[in-house]
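In the two assemblies presented below, subunit A is common to both, partnered first by subunit B and then by subunit C.
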Partner chain A sequence: MSSTAEIQTGVAEILEEVAGVAPADVSPEKSFTDDLDVDSLSMVEIATAVEDKFGVAIPDDELGNIKTVGDAISYIEKNQG
Partner chain B sequence: MTALKKSTGAPGARVLALGAYRPRRRVSNAELAETMDTSDEWIQSRVGIAERRWAAPDETLVEMAVAAGGKALAASGLSPDVVDLVIVASASLRVPIPGIGPLVAHRLGVTRPGAFDLNAGCAGFCYALGLATDSIMAGSVRNAIIIGVERLTDVTDLADRTTAVIFADGAGAMVIGAADEPGIGPVAWGSDGDQHTAIAIPEGLPHMTMAGQAVYRWATTKLTETLLEAMEKAGVGPEDIDVFAPHQANLRIVESMAKKIGFPASTVIARDIVQSGNTSAASVPLALTALLESGEAKSGDTALVLGYGAGLTFAGQVLNLP
Partner chain C sequence: MSTSTADVVVTGMGATTPLGGDVASTWEALLAGRSGVTRITDDWVKDFPAQLVARLAVDPAEQIDRVRARRLDRSQQVAVIAAEEAWRDAAGATSGVDPERIAVVFGTGIGGALTLLGQDDILEQKGPKRVSPHTIPMLMPNGPAAAVGLAVGAKAGVHAPVSACASGAEAIRWGMDLLRFDRADMVLVGGTEACVHPLPMAGFAAMRAMSTRNDEPGRASRPFDKGRDGFVLAEGAAALVLERADAAKARGARVYARLAGAGATSDGYDLVAPHPEGAGGARAMAAAIKDAGLTAADIGHVNAHATSTPMGDTAEATAIHGTIGDHPLVTATKGQTGHLLGAAGALESVFTILALRDQIVPATANLDDPDDHVAVQSLDIVRREPRRASFSAALNDSFGFGGHNMALVFTTV
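Take a look at the complex of A and B:
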């Protein structure tokens, strides 16, 4: 089980790798689309990277509900094994 | 039970020639931005398309198929009377009866071949190539013409910015024939019918819809194993691939697949989508033809091709370019 801080760091690493987002810009209230300029296809890449890193499954219909970094962190916390 | 005679096939099949037909009208991103809320930047960053071809009313499926097939047949040097099979792969046929395969064959001067249409979405061309290759090796066919042809603009809502910027028209063809050594590897194919609504013309509606995120995820994760299987079946590895020409659905999928396989830097990656858009079953032969015409690919190169799309369907193989 990763801690909240570890999850946020992990998500930031994925965002940097997939979408070139600076880790310093990543905080829970940030919207992927509106604040971090992540498009819908990059969201898919982020989802598959999160699945690999944290061992959670993010089906496409759940992906639509993950709008902010905080949404992603709580989804991972709730679903990690 | 009376014993039946066994047919004798060829040891292999190979690609003899390619041909393409690109509709006359080029449609730029700037032109699309005049009529819908989009921009060149948006389209290029999402799907990697700079321009596409849209067919005029006289550029029908049959006319485009005949044009591409005719060029491939002429380039092959074969007489039409040694062709026994004509397969027209298309997902944009608007009339179920009759199929256009027999008419296309007739127009090409091929007399009484096996001829039919094949709809396996954007995988149609590679499905047809697999069937034709196996027919030659089984001995039921000497030479075959395979054509992928689409008028996706007929089934696309041209006011919908999520699909109108992507789908396009065109035709590509290949002539294949018997060979002493295999020049076309075994097909790696299959389908994921649980996702049959992901790309569809919903019943009662005139236009195609696509679950973009679901298809993107499927293409960039599940199809890597198909590419590996196609190479394994042909006895080659990524280091042997001179040309990688997957279906031109989205430039980001092309790049993602190439990255996951890890081709050497010398492998030429087909990016015909930039100029042609997504032409479904026509995209693989159009991409190969473009690379041969530009000189980026050359005769004898080993190419890995992959079609995938509505169904969901997928098919890939390794082949030597003519």
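Take a look at the complex of A and C:
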């Protein structure tokens, strides 16, 4: 189990790798598309990377509900094994 | 349409090639006689008959941002690098041309082969869920044109001719037509290729099309030479910015040359074998010269397609000899660059334009002992070192598997 802070750091690492987002710009209230400029294909890549890193499954219908970094963190916290 | 508005000129050039990461370094290396060919040392190559390649002199990672690069196939990366150089060179961004009047025509012979093959490995090893969502836009053959269009914000249309090794030249002709038909005011054209991978290497080798002179990389690509035994696969891209002459003049653009005419034909003979007398190529050359309003006597220089294959070079020599004559200074630059497939016609157009500008014809590398064929013996093929000459019109040939023939005529302004 990762802590909330560890999850946020992990999500920030993925965002930097996939979309070139600076880790300092990543905070729970930020929207992936509106604030961090992540396009839809990159969002799919990020979801796959999150699945690998945190051992969670993100079905497509759940992915649509993940709008902000905070949404991703809560989803991971709820679903990690 | 008046003749003046149909006059098309070249106002920008870009390239990244086995000889250099831009136009200037590539041209300098070409005139200095340097070779871009090396022997592959990866483990996979040990059972391959042909082990030579002409890789990019400058890795795209040094010229393009990491995050941007990971969404682009290597063929798209080099296309964007060459296109952005040409765009800067033409001062396209500050030209004031309406984006809805800017078009892109960018060809490739093979397309995103590295992505297709790389993602297939992932599919086999990890399953469908791990295949990248960027796979399709990276492998589609219009991908390079689309990436270039996005880079410059072109909204008048993005087109991607695919005609194997004639693709780059076909893109230039297509761009010229868009301007002649007033469908755009500025067109960024070019060709790209990056498919150095075991599969294309094995495929070309199985056709017996590649040189197996593995112990002498720098001497392997030898157009028109008696000892030639095939081409050397190369990667890279080249781009031109085309505009109508009056518009270029009005905005004070620097003009390199006039793209005076183009000719396109198809062999209707065989899917891959060249017509023995290069009949389709000859018709393309004649058409281009006529389109330019010139006669064969006006052509002072020919940049030949000559890839160093036994059949192709003599067929082209026959066509040049019969259609243009023996007066032009002929060169075949693939002796140093290798064969850039879908980028070849664009890169060799850059060389043709620079030859016109500098009034110098690069030497044909490794042409130690010209083929005994009567046409090769008759032509004035520049060898050993570049030759200075005075000429105002030059022709660039490009031919592709599938029987595609392109000829482009450039003139001084």
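Simple rule for what comes next: the second predicted complex is superposed on the first by the 81 of 81 C-alpha atoms of A that agree within 3 Å, B and C clash if a C-alpha of one lies under 4 Å from a C-alpha of the other, contacts with A are read in each partner's own complex, and residues count from 1 in each chain.
Everything below uses one rule, namely that contacts are C-beta pairs under 8 Å (C-beta built on N, C-alpha and C of every residue); 3 or more make two chains touch, one makes a residue touch a chain.
Not measured: the values here are computed from a predicted model.
Look at A:Ala5 in the shared chain and tell me whether it touches subunit B only, subunit C only, both, or neither; answer first, second, both or neither.
It touches nothing on subunit B or subunit C.
Just subunit B (first), just subunit C (second), both, or neither: which does A:Leu63 touch?
Once the two structures are laid over each other on A, A:Leu63 reaches subunit B alone.
Let me test your reading of the model: by the given contact rule, A:Val44 touches which partner, first (subunit B), second (subunit C), both or neither?
Both partners, subunit B and subunit C.
Once chain A of both complexes is superposed, is A:Gly20 in touch with subunit B (first), subunit C (second), both, or neither?
A:Gly20 contacts subunit C only, not subunit B.
Which parts of subunit A are touched by subunit B and by subunit C alike?
41, 44-45, 48
Any idea which subunit A residues touch subunit C in the complex?
18-20, 41-42, 44-45, 48
Mind listing the subunit A positions that touch subunit B in their complex?
39-41, 43-45, 47-48, 60, 63
What does subunit B use to touch subunit A in their complex?
45-46, 211-214, 216-217, 220-221, 250, 252, 256
Which residues of subunit C touch subunit A in their complex?
For this pair, the touching residues of subunit C are 65-67, 70-71, 129-130, 132-134, 137.
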